[in-house]
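Presented sequentially are two complexes of chain A, the first with chain B as partner and the second with chain C.
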Partner chain A sequence: MDRQEQIEFLLDHYENPRQKQPMSGEGVVAAEGGNPDCGDVIKIYLKVDGDGKTTVTFEGEGCTISQASASYLSEFATGKTLDELARLDYNDLIDALGREIVTQRTRCATLSLETLHAAIRKRARLL
Partner chain B sequence: MRVKSQLRIGRGNGILPDRFALFRKVDMSQSAPPSTSVLDVRAIRAEFPILERQVHGKKLVFLDSAASSQRPRQVIDAMDEYYRHSHSNVHRGVHALSEEATDLYEAARKKVMRFIGAKSSREIIWTRNATEAINLVAYSWGRTNVDQGDEIIATEMEHHSNLVPWQLLAKERGAKLRFIHVANGGVLKLDELGSLLTRRTKLVAVSHMSNVLGTINPVREIAERAHSVGALCLVDGAQSVPHMPVNVQELGCDFMVFSGHKMCGPTGIGVLWGRRDLLESMPPFLAGGDMIRRVTLEGAEWNDLPYKFEAGTPAIAEAIGLGVAVDYLSGLGMSAVRAHEIETVAYALERLAEVPGLRLLGPTDPEQRGGLTTFTLDGIHPHDLATILDSEGIAVRAGHHCAMPLHLKLGLPATTRASFYIYTLLEEIDALVEGLYRAKQIMTRK
Partner chain C sequence: MKTDTYAHPEVLVETSWVSEHLNDPSLRIVETDEDVLLYEVGHIPGAVKIDWHTELQDQVMRQYLDAEDFAQLMSEKGIGRDTTVALYGDKNNWWACYAFWVFKLFGHPDCRIINGGRKKWIDEGRELSKVVPAYPKAAYQAPRRDDKTIRAFRGDVMAHLAKKLPLVDVRSLPEYTGERLHMPDYPNEGALRGGHIPGAKSIPWSKAVQENGAFKPAAALAALYHGEGITPDKDIVTYCRIGERSSHTWFVLTYLLGYPNVRNYDGSWTEWGNLVGAPIER
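So, the complex of A and B:
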């Protein structure tokens, strides 16, 4: 992916976000994450079905990288198991988003994963 | 988590339309004159080696001097020369190198003294930066002069370095911290001073020039009013001393702080100026070598000013470097520096006003503000704006600029700041504006 393609990729997720809707009801856990430095806010909704497959959606506001990351991650995560999600690594996410572009703003890029992990831990505590 | 299969998303065949063609053919006949009328900016730029740099294959357009300025080769060379020829620890060596080092070091102190109109070099205390200087006052003066029920006044526009030390002091001593608020145009609501100042007020801490709004505060008037109730006045000169003539006698303040790296000097060196009688009465800040006259196992006698407040081996090369920076700026003349910045910021205000959706913070009169412009651009997050500008080689700063309370008050999570200095060309402002249009193109295409 060259630089311009990386930018296009992020902008697409920012302008046409996937999985951007709240979830409610039985078994849904929500966690909030935010970057007080710059006002990025992410809320991750997590649900696990009978087969152990997750659905992840989000809501949020903020810079392109933080929101694109949440869209990409929510889409990627949906259909995976909790275990796979718990093992997701920040560096992998940064690489997937395009390291060259997000390198100066890794906090923005990883906010979604941080929040997803918080949701997983919260779920473990509640259940 | 490989995504290569997800690359071609949304935009047809993935080959980008050449939306930037619009900006490639720039009509040079419309450009501004390269330099303001006051300083020979091209000649100045030739002395700043870093300005030759390329960033992402583009010319560097450095608009972040308010965060830290660049250094002329004279400063770099002087420090290099010092380390190559004269370095030794200062102050008590009898040998030649130590004498040379001491002479250079103390000469630098005198240069700073003259630069700000201090009466004596004993009033010039070297610190690491303006932040440390403020902490020195809070620690040394504050803890012995501020008591339960006393009051400290600061403003809503302060940088965290001129806010948090007072918060800590107030909490520790049971004192109250009160604030002068900022009005819509970015100026202080000075009429609040009447009710804020009481006989319990011990200190008014105020910035001379806001690093976000650019507002130049009427420090002289504020100091006078502080004195009228028996309070002291500390001025944060981090943005003013590098950019305009500052004379501490004229301002009438009691303490002034500033940082070397914002005024063409090295990092790691800053200055606290304090009125001599105040500094004499204050206990030391950091303790150890150099700040003592005599030491036994049981105790110690403090050294004279300024050394009482300079513990341990100082940043010798850095102080010397700052002295050379002072020489450099004095050579240009601070009135000329200020005039250049007024012209530059006037041009910037004019050009920025053309950009739809751009909201500028702070006073609109160039004479009332320093050479920085902080703004928001509708629909584009400052981080994204800064990233896009960076890809054009333009360095600006995005965030809250260490002034979160101000941003909370303005209801803005973050802003973008472009700041100017002696080496800023007007065509760099043109480049900034072009970059802003490009960002709008990229971010608002549908």
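So, the complex of A and C:
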């Protein structure tokens, strides 16, 4: 994608967020993360189905990049296994979002992944 | 000192005024935000975007543009030397004030701040556009950047400190006390030490604005700063973390209250808090 396409990709996720809804019920784990000073708040919900595939949703508020990132990641993560999600690193996410655009806001861009990893660790502790 | 009106009311324009001047060819509306994609989400119709990080600063050295690059930027945005520039943005106009200050380093004659910024414009239900306007290139001759009059460097701050002249730390109280070393959303802009420059007064920038994002009335601003001993007869330096919030206070002191000698230390805490041997108070 060129720069303009990457911006449109991010804005589409910001304005039409995917997987933006709470989850509840047995086996659902939630984790919260945030940058209080710039108002970014993300809550990630994680559920693992019987076949080992995950469902990821989120709730959140904050800057365009943090919210677009949460939307993209939730959509991307759903259907993956926990091992696949645990292996995702910040660089993967930054590249997917557009390194040139988010490079000055890497904390906002990676908050969703940090929170997803916290949810995975929380689930492991609870099992 | 007269405190019932702003000292330079002409530099502050209201959103209603902007609405009436959207098609004024002598005016260029400029949005500059912390959230780097907000302009793309929607902006005041006809506004151009200036990215404080990638367009106002040198991309290698920690420094602002030189005169040649500033002139080129202005030309590309369709801004002539005689164009009125009305700046606004997110975060209570932090970056709008920062851009205003940079424009003044190059002596741009007519800069204004849209009172209340992006938030007030949106809260009032005013129109937003996603159309990126294209303006013809303008001729722009920029003088050499003036780093003496409204800008302070660390050596200036050391000299200021030695003379026990007033400094205003506009950061939040936890940053001032050293409880916070850096803000977690700015991983590249932290500091190795927390605290404040010795003797600096803590007057957070946020005390200068109302709930709706607009600046407080002149009398309230005067009372705020006078109450802390920050008076117009003094030579004052403002600072924060990287110079954007302190631009906001610099704007208040210089243009709303008319203080003649205020400089912004843009190195701010990301320089001072990392500087070997620099005195720090907690």
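Note that in this section the second predicted complex is superposed on the first by the 127 of 127 C-alpha atoms of A that agree within 3 Å, B and C clash if a C-alpha of one lies under 4 Å from a C-alpha of the other, contacts with A are read in each partner's own complex, and residues count from 1 in each chain.
Here, a contact is a pair of C-beta atoms (placed from the backbone, for glycine too) under 8 Å apart; a residue touches a chain by one contact, two chains touch by 3 or more.
All of these numbers come straight from a predicted model, not from anything done at the bench.
Engineer: Clash or fit: how do chain B and chain C relate after the overlay on chain A?
Structural biologist: When both complexes are placed onto chain A, chain B and chain C end up clashing with one another.
Engineer: Figure out whether A:S24 sits in contact with chain B (first) or chain C (second), or with both, or with neither.
Structural biologist: Neither partner.
Engineer: Kindly classify A:T106 by the partners it touches after superposition: chain B alone (first), chain C alone (second), both, or neither?
Structural biologist: A:T106 contacts chain C only, not chain B.
Engineer: Regarding the shared-chain residue A:I65, is it in contact with chain B (first), chain C (second), both, or neither?
Structural biologist: Both chain B and chain C are touched by A:I65.
Engineer: As a test of reading the superposition: which chain, chain B or chain C, is in touch with more residues of chain A?
Structural biologist: Counting contacted residues of chain A, the larger count belongs to B.
Engineer: In the overlay, answer first, second, both or neither for which of chain B and chain C A:E15 touches.
Structural biologist: both
Engineer: Just to be sure I read the superposition right, which of the two partners does A:A96 touch: chain B = first, chain C = second, or both, or neither?
Structural biologist: In the superposition, A:A96 touches chain B alone.
Engineer: Between 2-10, 74-82, 236-244 or 290-298, which run of chain B pushes into chain C after the superposition?
Structural biologist: That would be 236-244, the only stretch with clashing C-alpha atoms.
Engineer: Per the definitions at the top, what is the overlap between the chain A residues touching chain B and those touching chain C?
Structural biologist: Shared contact residues on chain A: 7, 11, 15, 36-38, 63-65, 101, 104-105, 108.
Engineer: Which part of chain B faces chain A closely enough to touch in the complex?
Structural biologist: 1-4, 6-7, 9-11, 14, 16, 381-384, 387, 390-391, 398-400, 404, 413-414, 442-443, 446
Engineer: Spell out the residues on chain C that touch chain A in their complex, using ranges where they run on.
Structural biologist: Chain C reaches chain A through residues 34-38, 40-41, 53, 183-188.
Engineer: So in the complex, the part of chain A that touches chain C is made up of which residues?
Structural biologist: Against chain C, the touching part of chain A is residues 7, 10-11, 14-15, 35-38, 40, 63-65, 68, 101, 104-108.
Engineer: Would you tell me which residues of chain A are touching chain B in their complex?
Structural biologist: Per the stated touch rule, the residues are 1, 3-5, 7-9, 11-12, 15-16, 36-39, 62-65, 72, 76, 88, 92-93, 95-96, 101, 104-105, 108.
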